[in-house]
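Look at the two complexes coming up: chain A is in both, with chain B in one and chain C in the other.
Coming up: the complex of A and B.
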């Protein structure tokens, strides 16, 4: 198969290239810039690069285009996911500016940007090879990022992540090989051939491919790595990872479900994923109950949240995909916001995430406590936040698609989670004499601003009119 | 099916007239101490500007919807759309236009009057902030194009009313009255909330257009249940029997509040609700009958109780209740135009009566007991003219506004086939004439009794007489408000109190009928046995009897000569049934307050600590235990994690192997 590469193909990659080049520039600037400005330089350059990429990204929204012979497909669908990934990167870079250690900041930001490139590649991946390329680019940068902090737990986390992720990648690659064997092509589009429905290679290969996806989405029972890794990694990295990995993988999964399925097999082929999603909703929320660390708690929360998003896709309807994207956008803001507050109440990443430190927060910083309350309410899915609207929409689409049991799992999971989230809120509004140290880094106001933006977004998304919400782009 | 209620479009004036009072409330609230007396001018100005914007929107509000089969009319401004069926917007059609005109027009006059009335009050700015907030809330109520927006406005006017009844919160009676009004109104809000639940469950939309368009698809019992729930809200807000007991107590608020909220606008919200939901009520005769009967009972009960009051504002409060009873009876039986017309004229003459009584109360340093008045005709000639016009209008003397609208309601009940309600309407008209002329004679005729010992007048608790006087007379000496601030609004109100009813002149071709031609259903009705003219004559005869009795008892030379003796005798001999207002308060207390307290005790002592708390404790405990269980899998060892992962993969593979094996 020959592919004619034209300049249009390269333009399709422009946002990713901009982010990648920004990462290089950040590293180079760090090398030559005077010591006392490198911190500012790295953050400013990274923010600029992300903003330029986000602006450039928009252009492709209205026209779908299959670049490199269908290996990378840009269009409304990929643009929405790429924008979400860029928002996550932007928020995390700002957080890094607020709490990161000076001598490592350029390297960390460059790695984070490259990791974002991987996730953005997954958002448009149209072939098995591009998917794998994106996943590995995302993950390799993340392994390094996790080990950045000067703590044994960080190195342990990085090591665990590397080992387990490699195992999962191995299964996934094996599955991809089988899929290739079945269809004779790496293009996802070629998997739709109805002849494949009776080919065992499709079933086994698809199953192994879904194992990889489940691992990246940290669905139970492939979730065990995530609480440890979330806890060990530096706080901004956790913030980035929790959103970018989910966004990229969800894009791949949605494309697989909606655009790579021979007719008539979806129900049976995907059933294990829906079961696993249902288990995750319950187990993730139950797991939250006994946690004493905010990052671990949010890891379990993320396990449940991705279950909600998958439930939206279960029916395979257009509305389902739109609601999944809507929920992902809402989740991005509430999750980033929660991490921003965690970063703000303490400059030490480990201190900030211990739940005991939230006791009496309302006395010391009423604003931080109020914002955190909004984010926790959103994660729990209470009005007037986007979390509430998102869950209502998902419930409606899941139930009408016939997956009532997934809806029940969602409700039960939500009910359990209320207890865990409410516990933090109660602690924040309790009186306590324990004193907090406040971060005084130059980017702290920016981190505050990002927390407030997240809070506004979480509330405003609740009132997005259906006219805007229900036209989110679909996989084509 | 969907009704397009009004021409959709962008109406900046509509948004402006709606939001201006809110802006006024916020600015006055925030800068009250700096604004000082200017708060009154600002508060009045925003409501005045709102009124001007209303007049400028007149054309939009009366435009027919092009091509609509159902005779729809008005202007529709979309605001926010949310979940499917939950779209929020504003609707200005003849019905809401009429209400907005009264709210902002009469509201403006009352704002100006309040500058004078509240001139020496400590919390002058706070008063105007609340008053502006009330106007905003009331506009939200009548301008919403959906049930939820209406309920939001409904709740907010209740809140504003709570603040304003309890405005003088150092008086315990005012606080108690405010709380009572709020609690009863919240009971009504809950009724409307249940109606909305039922509406959403059956129509899947809250928009008036969708609900009225789909009324045919509702089953009869379901529709009846919706109407009853809506009417619970309407009855609470509009002081209909048996939820009326808060209204007389609400007179604890400043008199301008009584005029604006508890006479002209808020208490007529129930009339608005029934008129707005005319498409619902028109489909269910039982619901119509219920509303008509409750309205009739309220009209009669209010009039009877009005005869037994001595407090000038309580007399007016019972007369308000009775007149709203007329309106509710009118819109209930289906005589929508008549019921709404009575709201329109009543807003003018009742506001005027309240403001006029405010002039008296103000001049007599907060004296409200008519037994301690008398002979005020010479002292307060302007107040006398104002009250006289109001009394003539409310009694339905031909030529004054009340006569047109009241006759329209009374005749409407007969037209729609309710002869008993017709009789009640006529009887109430006679009673109204009696107690209103009683008020007029006792207050203005004879000689001044303010310096007579209260117990000689039969006042039961002389120590309570003039408590308001004691509390608020401190600043009386330094009162500097120019008299015109209070007199001019009352003077202006005299004009519509006399002439507003003339809009109804001409039957089917009157400007009134033209205005509402596209708003209400117009079924063809059989011509009743008694003609409209005969009805008017019968009413007039009853009114004449009422006036005559009042004259004989209070205004003859003999009666005036021993007025003190007679008033004491009447006070002492007043039947307990009347002085206790038919024991409604005691009954409500027994039925709801005591039983709630009983339930509270049972729950507090037994069910809550034992059963509910116990369950919560158990749930929390087991959740914690489950969490620990999940955490115990999290050993932190890579090999353990890898093991779990491989088990998961094995499960997946077994499933796919079985599935793909089954394909052959």
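Coming up: the complex of A and C.
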């Protein structure tokens, strides 16, 4: 099959290209800029690039287009995911204003932008090749980013991530090969052929593919890497990873579930995923109880939260897709907000993520404590935050799709999680004369701004939920 | 818009107080009292007003729909009065933050009672737990109590959330509170009913879900526990009437025996335990369990007279339990103990304090002429009418016991020989008297002229009563 590549195809890639070029510009500017401005120069350039990309990306909303013969599909679905990934990149890049050594910022930011390119590619991936390309681009940059701190744990985290993630990629690649063997094509569109429903290659290949996906989503029992990697990685990287990898992989998963399976297969092939999602909600939240480090805690929290999002997709309804995206957007803001606060109170050795450092925070910095409280309440799903609305939307859609047991798992998980989140709130508001909290950085405008914007977004999303139309994933 | 200000003004004022740096206790008390007084006036002026703004259209219709119903109107007034009195009586360390939390609590509960949308109801239900939780953490005696309060009630809130989601999915709209044309049917309805019921039974509370309550009531500072016991506990009962009875009457009827048994156990258990308690606040806490158990029996008896009595008794209980907790707070702040064993003979030096406690205790034990009596009498009549003779007979026992524990409470604190090592403090001050006056006045007025409350039966209440009579025929 020959594909005629026109300029429209390249325009479809424009947001990704802008981000990639921005990364190059950041690196180049770092070479020539004077030492004392390079940190802020890199951040400002990256922010500009991301904003331009986000503006450009918006145009494709409600204009579905299959570029490169269906290998990359833009439309409402890809736009929403790409915007979320760009927000994640934005929220993480600004954290470098508070953290890290001056001379390494530019490289880290460039890597993070390339990583975002990979995730954005996954959001629009319409063929097995593009999916794999996106995943590898995302992961390769992340391996390097994880190792970029001066602590042994960072190197350990990078190594762990490399090994385990490669194993997952191997599973996924093997599954993709079988899917290719079954359909004779790398295009996801060709997997919908009803003849395939009885082909064992599709079942095995689909199963292996989903194992890989579960790994990337850090679903129980493939979750063990995520707390270690989150803990070891530098704070901005953890913030980015916690949202962007989930968003990209969720996009791939949703496209596979909604658009790329022969009819009649979904119920049986996906049942294990729903079960695993249910277990993740419980296990993730139970795991949170024993943590003494904010990054580890948020890793376990992320395991549970991705379970909630998957629960929305169970049943494959159009509303479920919208609510999964709504919850993902809400999760993006609450997570980035929590990381912004962590960055605000941490020193260069990044001790800010130890939960002990949050004792008595309310005395030192009432604003930081109040913002953190909002984010934790949102993660726990308490009103008046988007987490509350997201959970109730997911509950109603799961219940009406017939997956009541997933709804119950969500409720039980939420009840457990509450204790873990409230424990931090309590520590922050404890009066502790010997509190060894670092005083918040005197003035880190970008991180503060990020936290405040996230807080506003978390509350506003509750009262003015966006009407997400045309966000069903397509294949061509 | 005025009706919206009932919710927003306390919440905004509460946040402002929390953020301010001015630690002047007079300022915070004045601001708090003014806001509470404003909500009282605004609640009367905004009676019958509604405000609505579409929130969701899918998966079900939900709105920010605020406005009082014939039942919630009285609860809103009760809330405003109790908050006003409690803030006037508040004298705690870090007063500004405390009053801020009180106002947040008032705003959240205003939202609860004014919500005409189930989702909004669920939102405010969870929201009203937070100020109490924070006050228990910041001002309470034991951290464990705060957790117990929060986990019990939040678990109940999750059931409420699940039931609300299922209600929305089944009916297509949650913008239903106060409407009389809504009726749920289907195989899922029993589950939805129990989802709501668990939340309401925890909040009320009813045996065996009450174990968070005595601890919370004794550990929370008196001004806040006055509001929690007087008004927050009515959230469950109000939900039971406005949601359970209005939308699922046949399930209320089907499960009424269970509810009646739970209610009877609560009212007996609460009364018997109250007699044995030595902590003054716990006496009142267990007496609450007993009184609210009586209301649960009244609601579950599905009799229009009993329902009328329940509504009156809800208001009366709110008034006298708030007064009791406030007076006990005054005693505690003077003598630094609540132990009935340790206290004694204060009445000789503090006659006005003794008089205040006496009125509150007499209202609680159902003295004719005060509001509590009217409610109890009508409830018992209604329960008899409904043919639940055995329940009515059992419900008489706690009324006798109420005299025992309330008089024991009064005597333990006020009468008897003066305890030599207890500090002698000044008598009830004018501000404290002012804080109690509205409650006592309301108790007397409603006791002498219960007619004001028996004109309840209009609007939504009428609809509930008609449905019920249809259901019991």
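Note that the second predicted complex is superposed on the first by the 451 of 476 C-alpha atoms of A that agree within 3 Å, B and C clash if a C-alpha of one lies under 4 Å from a C-alpha of the other, contacts with A are read in each partner's own complex, and residues count from 1 in each chain.
Throughout what follows, a residue touches a chain if its C-beta (ideal position, glycine included) is under 8 Å from a C-beta of that chain, and two chains touch if they have at least 3 such contacts.
Predicted, not measured: the structure shown is a model, and the values here were computed from it.
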Chain B and chain C placed together on chain A: clash or fit? clash
(Q) By the touch definition at the top of the document, which applies to A:171: first (chain B), second (chain C), both, or neither? (A) first
Looking at A:388 after the superposition, I want to know if it touches chain B, chain C, both of them or none. Which is it: first, second, both, neither?
second
Note to self: Going by the contact rule set out at the top, does A:399 touch chain B (first), chain C (second), both, or neither?
What the structure shows: second
Check your understanding: Is A:463 in contact with chain B, with chain C, with both, or with neither (first, second, both, neither)?
Key -> both
Can A:289 be said to touch chain B (first), chain C (second), both, or neither?
-> first
So, does A:419 touch the first partner chain B, the second partner chain C, both, or neither?
-> both
Check whether A:411 is in contact with chain B, with chain C, with both or with neither, and answer first, second, both or neither.
second
In this superposition, the partner of chain A with more touched residues, chain B or chain C, is B
Both chain B and chain C touch chain A at residues 392, 419, 463, 465
Contacts from chain B onto chain A in the complex sit at residues 80-84, 620, 623-624, 626-631, 633-634, 636, 638, 640-642, 644-649, 651-653, 655-657, 659-661, 663-664
Counting only contacts in the complex, chain A reaches chain B at residues 159-160, 163-164, 167-168, 171, 197-200, 202-204, 206-208, 210-211, 214-215, 221-222, 224-225, 227-228, 268-269, 271-272, 276, 283, 286-291, 389, 392, 416, 419, 463, 465-467
Seen from chain A, its contact residues with chain C in the complex are 319, 322, 366, 377, 382-384, 388, 391-393, 395-397, 399-400, 407-408, 411, 414-415, 418-419, 422, 426, 429, 463, 465
Residue set of chain C touching chain A in the complex reads 19, 55-56, 58-60, 64, 119, 122-124, 126-127, 130, 133-134, 137-138, 143, 146-147, 150-151, 154-155, 158-159, 161-162, 164-166, 168-169
